[in-house]
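Following this message is one structure expressed as structure tokens.
Order as written gives the chain letters A, B, C and D; numbering starts at 1 within each chain.
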Amino acid sequence: MLYRVTHLPVPLTGVVPPLCTPLTPSGDVDVRSLVSLVEHLLDAGVHAVFALGTSGEAAFLSDAQRDEVLRITVETVAGRVPVLAGVIDTATARVVDRALAAAAHGADALVATAPFYAGTHPAETADHFRRIRAAVGLPLIAYDIPQHVHGKLTAPVLLRLAEDGTLAGLKDSSGDLGAFRRLLVALRERGLDGTFAALTGSELAVDAALLAGAHGVVPGLGNVDPAGYVRLYDHARAGRWPEAAAEQDRLAALFALVDAGDTATMSGGAAALGGFKAALRALGVIDCAATAAPQRPLSEEAVAEVRRRLAEGGLLPA
Amino acid sequence: MLYRVTHLPVPLTGVVPPLCTPLTPSGDVDVRSLVSLVEHLLDAGVHAVFALGTSGEAAFLSDAQRDEVLRITVETVAGRVPVLAGVIDTATARVVDRALAAAAHGADALVATAPFYAGTHPAETADHFRRIRAAVGLPLIAYDIPQHVHGKLTAPVLLRLAEDGTLAGLKDSSGDLGAFRRLLVALRERGLDGTFAALTGSELAVDAALLAGAHGVVPGLGNVDPAGYVRLYDHARAGRWPEAAAEQDRLAALFALVDAGDTATMSGGAAALGGFKAALRALGVIDCAATAAPQRPLSEEAVAEVRRRLAEGGLLPA
Amino acid sequence: MLYRVTHLPVPLTGVVPPLCTPLTPSGDVDVRSLVSLVEHLLDAGVHAVFALGTSGEAAFLSDAQRDEVLRITVETVAGRVPVLAGVIDTATARVVDRALAAAAHGADALVATAPFYAGTHPAETADHFRRIRAAVGLPLIAYDIPQHVHGKLTAPVLLRLAEDGTLAGLKDSSGDLGAFRRLLVALRERGLDGTFAALTGSELAVDAALLAGAHGVVPGLGNVDPAGYVRLYDHARAGRWPEAAAEQDRLAALFALVDAGDTATMSGGAAALGGFKAALRALGVIDCAATAAPQRPLSEEAVAEVRRRLAEGGLLPA
Amino acid sequence: MLYRVTHLPVPLTGVVPPLCTPLTPSGDVDVRSLVSLVEHLLDAGVHAVFALGTSGEAAFLSDAQRDEVLRITVETVAGRVPVLAGVIDTATARVVDRALAAAAHGADALVATAPFYAGTHPAETADHFRRIRAAVGLPLIAYDIPQHVHGKLTAPVLLRLAEDGTLAGLKDSSGDLGAFRRLLVALRERGLDGTFAALTGSELAVDAALLAGAHGVVPGLGNVDPAGYVRLYDHARAGRWPEAAAEQDRLAALFALVDAGDTATMSGGAAALGGFKAALRALGVIDCAATAAPQRPLSEEAVAEVRRRLAEGGLLPA
């Protein structure tokens, strides 16, 4: 098959869901469900997809599974929108290996965190991104997710890497809207907001981020309700702020499906991702709600709670 | 002098700056400057003032100094707006003592954190607030500031205490706009948004918080530029969201004055509060920019940087 | 009554239990039980007592309660051993006030943490201790307890304050035996180990700390089994290391009484202190096991578990 | 070449240095230096070696580099002592892949952490270790290193996995000697101390850990001074505790070489590992002190400081 050459828009804008990775009951990548999920997102009008992020359970997938997810995603998307690929690994040499694999499988851009497990100094973090960029000829987006990396990307590092062309953007999942606001202001002051994409991963503050000038949004909940996020984005772009806020409020209520699982018996991550997947299964998008080992599954009661939340949010008949 | 009886609006709304505490070079409360600062805020049209919060360096002040600050503030405000009093201490018995003192000095409402130093279970935190409320006949506002208390107030606790009348509101300085959004949605679902005041302490996301339905804002930077925050609030209340965002952007740029101090030689808190006080001194509002011991002072270069930021923000001639 | 003048040994050595604060069911200081607890410790041969520390629930006690605890303790001890007084508060001015009160009530030495709530730079922390020392004419011991203060005292600061005479010692409750070891080595290199008392608060590594050269130990569990800690100390001082380790093993098993409480319904601190107090009540030392508000009480099952642990540890008949 | 079949002793005991990974100036594995380092350790009489741990910069090495390190190490050791292989990766599927590679390259045992990046519930963590053990026919040692994994292995999980044969031991780098002591006591109570190896990674508390009953030690500093750790171990096994403590004191002073690097310009990890490598180069064991990208190198001044520390510690002529 021939792939269309996709170029990442400069800057990237819009709704970019971080793709869940559907699995079979035995833990393999569920190809049919993955194709179905990608179509579910594209049907809703999303502007790009981001495979192999935290919501995609990349940390739980083997390299072979990661490669398969990316290959299927690129084939399914078939150039209709850009495909971003997460290259989550502990440090530079390993990330570069994952980045080369992602390039080989047709990703349009890379999304990388700072090194984790071992912490790094900001100067080392900057060098990390520069080495990835130099090794692989794809646009590079920094992924700021302190709850997993246990360090925050600083504005001086981001601005320097924006200025020298290392980074094409930022996915900010830090939840720190104040720091994000200051970065947006600094990007504009330096004339960088036309080339550097500031994307928020704060799925409950999308109206706020767009009001502050964000270029786009990477919402985990966008797997479940991509149309809602596209509406929210369109309202914001048209300046219909009360309508954007109302849509965000509906999505904030729907987000409660991440709390259905009981964190006395499972991790918060397993509850959240299990909630997304149980919702996708209830909506008929995927076949099985399993999360990757060793994450524990939702109980039947939790799945019923997820269905109730979908009904309240207008996504299932009451 | 006769005090006017002030009743806290239900719910409290508007701009409520957390009052800095001006000090003399020898570390005493600077009464003249405190009066001047209160008038600076009232002239700008703020809707209430909050004395003895984190920005007021309450943790660094003796009980005698706290009492003096509150007494002077209440006398100076003289009933023109409500005066909220922070009662920051490690646990219930100590907070109750501070609350009784605040009531005696004429506070209109109390602002209390969960216990700190020792951590507490959410059930213990709820009991803490109930005991404070029962001991002192003043409206009680919960103060969520995890960077200092090292624990976050949870939505279930807040909603229960809103429903049973323990709490009249929340000052949310957690920076977690997603959790704040979910709380706002839950308050509306339960019909509590007409009695419970959800105030954000995120001074760089005020437009966002108001768009999400917050009742008001408690901005430390509002000591320096109260008129800016009042304009921002008025734009938001009138639905002029682009104007609100532009004002917020200007304030976000101005906020850089907290970074003038060098955190290689002083704490981040000393740099931030020293920045606010250096700005207030440069504006002629207070006489001395000293922060309380053992915080280190800003260098001369840092003070010059603060003046540059004020000029860029339009608050001083260039 | 006449108080004997007590001088703190230079350096302080031995077993220094951090006194629990017995309370009545209504939350008042239980004077009779406090006297009984002090006698329980002195009968066992402890070398000093430390009132108003973390185990003494100082963070939960009002100033009036703190003063009463210290007054009763000093009166009961009556000069037989030194009395150390915790002066736990958020920052310098407040700690100085507590230190003046402690001096007035007859304390022989002060124990102070770095500022908490607001964090401080090491240079500010050093200044904090210098100001306390200058304000009150009593030996000053630094209290390193990062799980409560959320910062660790650094070796450079401690060594400087040991050298200039600000500090008479350290109570190290950080649990970081490696850092403690390095400090001990550095004290000896500088000839300071004859004047500066390095005390460990790690009650399960007392043999280890003494082997490394520590001067003494401040064990919370020493409220329950002071004789065990005195035996352990005596074994170590006599070079009977296997016997010291065996005694430490028995105490480590006994320590399980801090886990009797269910941290699904109460804080870890309430479970630990409630465990100590339930044990002291089971042993007939104090009359009531209540912890200070808002801490939740142990369940009946947990109290039964505490009694089982005491029997296994040889402190109650099986 | 024929490999001798090595069986891991049950339980594993002794000094097990976590092998540094020598690199060339261009960042490749330096085979000659690695062989030299292995011989340096074996000459000193270490009881096993642990390749690809945190000190081995495993997080910074590609899979190909990890495989090469393990292959060279196994070939060089040639059955003289057991070779443990770290299999550090984010979660189960990835760790299993690394474990299969380690088995193929001749490792005698595996060392695995709990999942990181995403946090897990203790029940998920237990399942993680069970799945690794089931997938690969090698003894499995749990690696508790909270400063990197951001969660601590709990005693209930470890005891359950010791009892059911999943785990052959623990490398405890948590620094929490109290918890380690309680685990040792619990292992003995359950009769598991004859099969489960409790190894401490706290290189400055080895005398303490051995006094408490630890089976062995995994000291990063043991790369630099393996003979010192073997002497310390032998003293402890012979009950010569004052001599053990004196040797530990010397090693604690030597450990200061990890502080030579300036953490204002490099990460603490780069300073520590760079200090070890600079020492190994100064001792003539390895050819180049480079650490893996993106870690910054030590300055010339820092390298001189490392040499001074080696001279003070008696490892270089003064």
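Here is the rule we use: contacts are C-beta pairs under 8 Å (C-beta built on N, C-alpha and C of every residue); 3 or more make two chains touch, one makes a residue touch a chain.
The UniProt protein names, listed by chain, are A, B, C, D = Dihydrodipicolinate synthase family protein.
Predicted model only: the values in this text are computed from it and were never measured.
A.B. asks: Which contact partners do subunit A and subunit B have in common?
C.D. replies: Of all the chains present, none is in contact with both subunit A and subunit B.
A.B. asks: How many steps does it take, at the fewest, to get from subunit B to subunit D if each step moves to a chain that touches the one before?
C.D. replies: Counted as steps through touching chains, the separation is 2.
A.B. asks: Suppose chain centres are the mean of their C-alpha atoms. Which chain sits farthest from subunit B?
C.D. replies: So the farthest one, by centre of C-alpha atoms, is D.
A.B. asks: Which of the two pairs, C-D or B-C, is linked by more C-beta contacts?
C.D. replies: Answer to which pair has more contacts is B-C.
A.B. asks: Starting from the mean Cα coordinates of subunit A and subunit C, work out the distance between those two points in Å.
C.D. replies: So the centre of subunit A lies 49 Å away from the centre of subunit C.
A.B. asks: Using mean CA coordinates as chain centres, what's the subunit B-subunit C distance in Å?
C.D. replies: Whole-Å distance between the two chain centres: 36.
A.B. asks: Can you list the subunit D residues in contact with two or more other chains?
C.D. replies: Residue numbers touching two or more other chains: none in subunit D.
A.B. asks: Sort the chain contact graph into one of these: line, ring, star, complete or other.
C.D. replies: Topology of the interface graph: a ring, with each chain touching two neighbours.
A.B. asks: Would you mind giving me the full set of chain pairs in touch?
C.D. replies: A-B, A-D, B-C, C-D
A.B. asks: If we count contacts the way the header does, which residues on subunit B are in touch with subunit A in the complex?
C.D. replies: Listed in rising order, the residues of subunit B that touch subunit A are 175-178, 181-182, 184-185, 189, 202-205, 207-209, 211-213, 239, 241-242, 244-245, 248-249, 252-253, 255-256.
A.B. asks: Going by the contact rule at the top, pick out the subunit A residues touching subunit D in the complex.
C.D. replies: Subunit A reaches subunit D through residues 27, 54, 57, 59-63, 65, 88-94, 96-97, 115-121, 123-125, 127-128, 131, 148-150, 263, 265-270, 292-296.
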